[in-house]
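Listed after this line are the structures, all set down as structure tokens.
In the two assemblies presented below, chain A is common to both, partnered first by chain B and then by chain C.
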Partner chain A sequence: MSDLIDARGLSCPQPVLITLEKLKSLDQGELVVLLDTDTSKENVIRAASSLGWQVKDVAATGVEYRLILEKA
Partner chain B sequence: MKTLPIQSHPDLLVGMETADDAGVFRLTPEIALIQTLDFFTPIVNDPFTFGQIAAANALSDVYAMGGRPLTAMNIVCYPSRTVPREVLQAILAGGLDKIHEAGALLLGGHSVDDTELKYGLSVTGVVHPERVLTNAGAQAGDILILTKPLGTGIIATAMKGRLATPAAAAAAAQVMTTLNRLPPECLEGRGVHAVTDITGFGLFGHALEMAMGSRVKFTIYAHKVPVLTAAREYAAMGLVPAGSLANRNYCSKSLLLASELDPVLVNIFSDAQTNGGLLLAVAPAQAALVLEQLHNAEINAATVIGEVRGTGTGQILVKS
Partner chain C sequence: MSSIREFFASRVGIISVGAFIGVFAALLQKWGNPGNMGICVACFDRDIAGAIGWHRAAVVQYLRPEILGFVLGAMVAAFAFKEFRPRAGSAPIVRFVLGMLAMIGALVFLGCPWRALLRLAGGDGNAIFGLLGLVAGIWIGTLFFKRGYNLGRTQSTYASVGWLFPLIILGLLALRLIFPQIPDKDLSGILFYSVKGPGSQHAALAVSLAVGLAVGLVAQRSRFCTMGALRDLILFRQIHLFSGMLALLIAAFLTNLLLSQFKPGFANQPVAHTMEIWNFMGMLVAGLAFALAGGCPGRQLFMAGEGDGDAAVFVLGMIAGAAVSHNFGLASSPQGVGPYGITAVFVSLAVLLFIGFTMRQKTA
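== the complex of A and B ==
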């Protein structure tokens, strides 16, 4: 079961800050992030790649996104 | 405000009709009064530094009109039950430090009890009525000069997330506490056609206001724009405040971005600044001299970032 962050309803930079904190604590593995704006999606992807995490999957439902981040 | 029945007057030189930095009213053929005020909530932890930033920011609107500040009054919203008195004293001391550096006098002020701390100044200045600089005077062929590096909003965002290094925080504070005073000699040659200060709407928003107000088009060379190193790093990590994204969206119809332009730079150019630098449109024949005068006045970051391309409705072409 992967860890999950629900950052829907939060405005930037909150989704990024929460994701960065979680990624640092996990160090590796898989993290699911739920978002509801294009810009928070872009920024969270940037934040993840700055720490060496990859985007495994992006699923869009309407205006919501489900990102799966992973680091081996 | 647009719905209010505002009256005009022959001596009102700059009022509410343009998106300008301060109001200007002619008192005599030689003297016009400049009035402005600004105040906000703390953006740094150190109260003295916050006072300096808030005061320098309020004074900046007088400089952006080509004027000289004379007097200032404190505006204070203060939660007396939760914030120690020493904090307020340090804020006021920081503000006074900048008022004096500007050669102005503090006359007094007003405080109200509030749930959230806020500080700023009401500033009165003077300018010769024929030497008022607005954001509407840019002419085709003018050279665009920016006097401070961008990125303070992004660094402030990183500070809130406790991700900013002390060095990055210090670099941002240095920019935000620096007065936007122009050396008088650079205004004497009348080569400076338009001025605005870069604040909440970011470089893009304020450049767009100047280009629209002047009915011209701008070209900005992205690689020439001075940017705080840490801001670039934090923006690349996605530490972009929502306000900067709103600025970018607001300007998007007027922006022509080079396809190879780094998206991180687009965020930085949209980043809301606190007491950001002045953007000057300068006659091409005098641009080198004005730049030299700025550097001689220790405005070391002053850099040519682009040019005015001719008549238009405010389009901004951004080349990489």
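== the complex of A and C ==
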């Protein structure tokens, strides 16, 4: 079971802040992030890749995104 | 469509958008807008407040078409890329107050962050103090972010909620067309028009509107934001948005050089005063308010165009703040700060600290 962050409805920079905090504590593995704007999706991906995390999957469900980040 | 999407999300994309804004802002000055004020979201919102009579400062009344274009351009881009997201409900009263305080601070300095860059690009050394204040204000904002400051989640809502602000903008555009400017008259129907001062200096309606629409389109795509630029730099050491902000400065500077609009100095700069401390403090207040609200004035307009009702409330707060600033003698003029400007800076700062310290919510 992957860790999950629900950043839906939060305005910048909150989604990035809470995702980075979690990524730093995990160090490696898999993290699911729920988002609801394209801006926060882009910002989270940009911030995660700066820590060496990769996007495993982005699924759009209605008006939301389910982003899966991974680091081996 | 997806290649356009990727371009605007890239480093080259954000730099192109910053450069585009810089070039056209400098050109707008050539085409009639006030000095070092090709585009100023704070000043132009203030001029709109004057045009609809919310304040009666006769020199700053004009229904600026650029602002209308920003919102409508962003809305078109949001629809074209399926990003129109009607949302609202994240502490609207706080956002209204933040908009007011942002405007009060910006009018002590005389400009939004965009204009601070344009002033520097035109050789106005006073802008340096404003930009330092902006950095200081945003830095204070990042301290609040680290302590968990948060205005709460927005909710997805009815499409009509997202539509309302663009409809208000369309209404203003209709007023501008129904009541066009009459030469040497300060009133046309229900709209006020400055006959002298910065409000009387403007490019042609079609030109202003076209540039506004274009900027709205590309800025929505690239998420261009000057507050975000400095915030991400301070908080995450990320230079993505910052590179766009630098591009605006450099492009405006080069365009000014080509157009012989670069005039270095401190004294007698257009629509500016030389009180260093209050240039700094005004922008510190504005910068902190932008940070706590999650976007610079331009970005708030673009988000309002995307259907963000909270950003729309911030914009309305800015317009109300402009009325308060001019009605109560808080706004500066080229002679210096207004009679109650300094008091307003301290009151605004106190309210911002109250908001920053008290609005913390566990997000996990």
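We take it that the second predicted complex is superposed on the first by the 72 of 72 C-alpha atoms of A that agree within 3 Å, B and C clash if a C-alpha of one lies under 4 Å from a C-alpha of the other, contacts with A are read in each partner's own complex, and residues count from 1 in each chain.
Everything below uses one rule, namely that a residue touches a chain if its C-beta (ideal position, glycine included) is under 8 Å from a C-beta of that chain, and two chains touch if they have at least 3 such contacts.
This structure is a prediction, so every number in the text was calculated from the model and none was measured.
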{"item": "Which superposed partner A:D36 touches (first chain B, second chain C, both, neither)", "value": "second"}
{"item": "Dominant toucher of chain A (residue count), chain B or chain C", "value": "C"}
{"item": "First (chain B), second (chain C), both or neither touched by A:V16", "value": "both"}
{"item": "First (chain B), second (chain C), both or neither touched by A:R8", "value": "second"}
{"item": "Partner chain(s) touched by A:L67 [first = chain B, second = chain C, both, neither]", "value": "neither"}
{"item": "Touching partner for A:V44 - first (chain B), second (chain C), both, neither", "value": "first"}
{"item": "Doubly contacted chain A residues - partners chain C and chain B", "value": "11-13, 16-17, 20, 39, 42, 46-47, 50"}
{"item": "Parts of chain C lying in touch with chain A, wherever the complex brings them together", "value": "9, 81, 83, 85, 87, 90, 145-146, 150-151, 153-156, 223, 228, 231-232, 235-236, 238, 240, 294-295, 310, 363-364"}
{"item": "Of chain B, residues touching chain A in the complex", "value": "157, 160-161, 163, 236-242, 245, 263"}
{"item": "Footprint of chain C on chain A - complex, ascending", "value": "7-14, 16-18, 20, 36-39, 42, 46-47, 50, 63"}
{"item": "Parts of chain A lying in touch with chain B, wherever the complex brings them together", "value": "11-13, 16-17, 20, 39, 42-47, 50"}
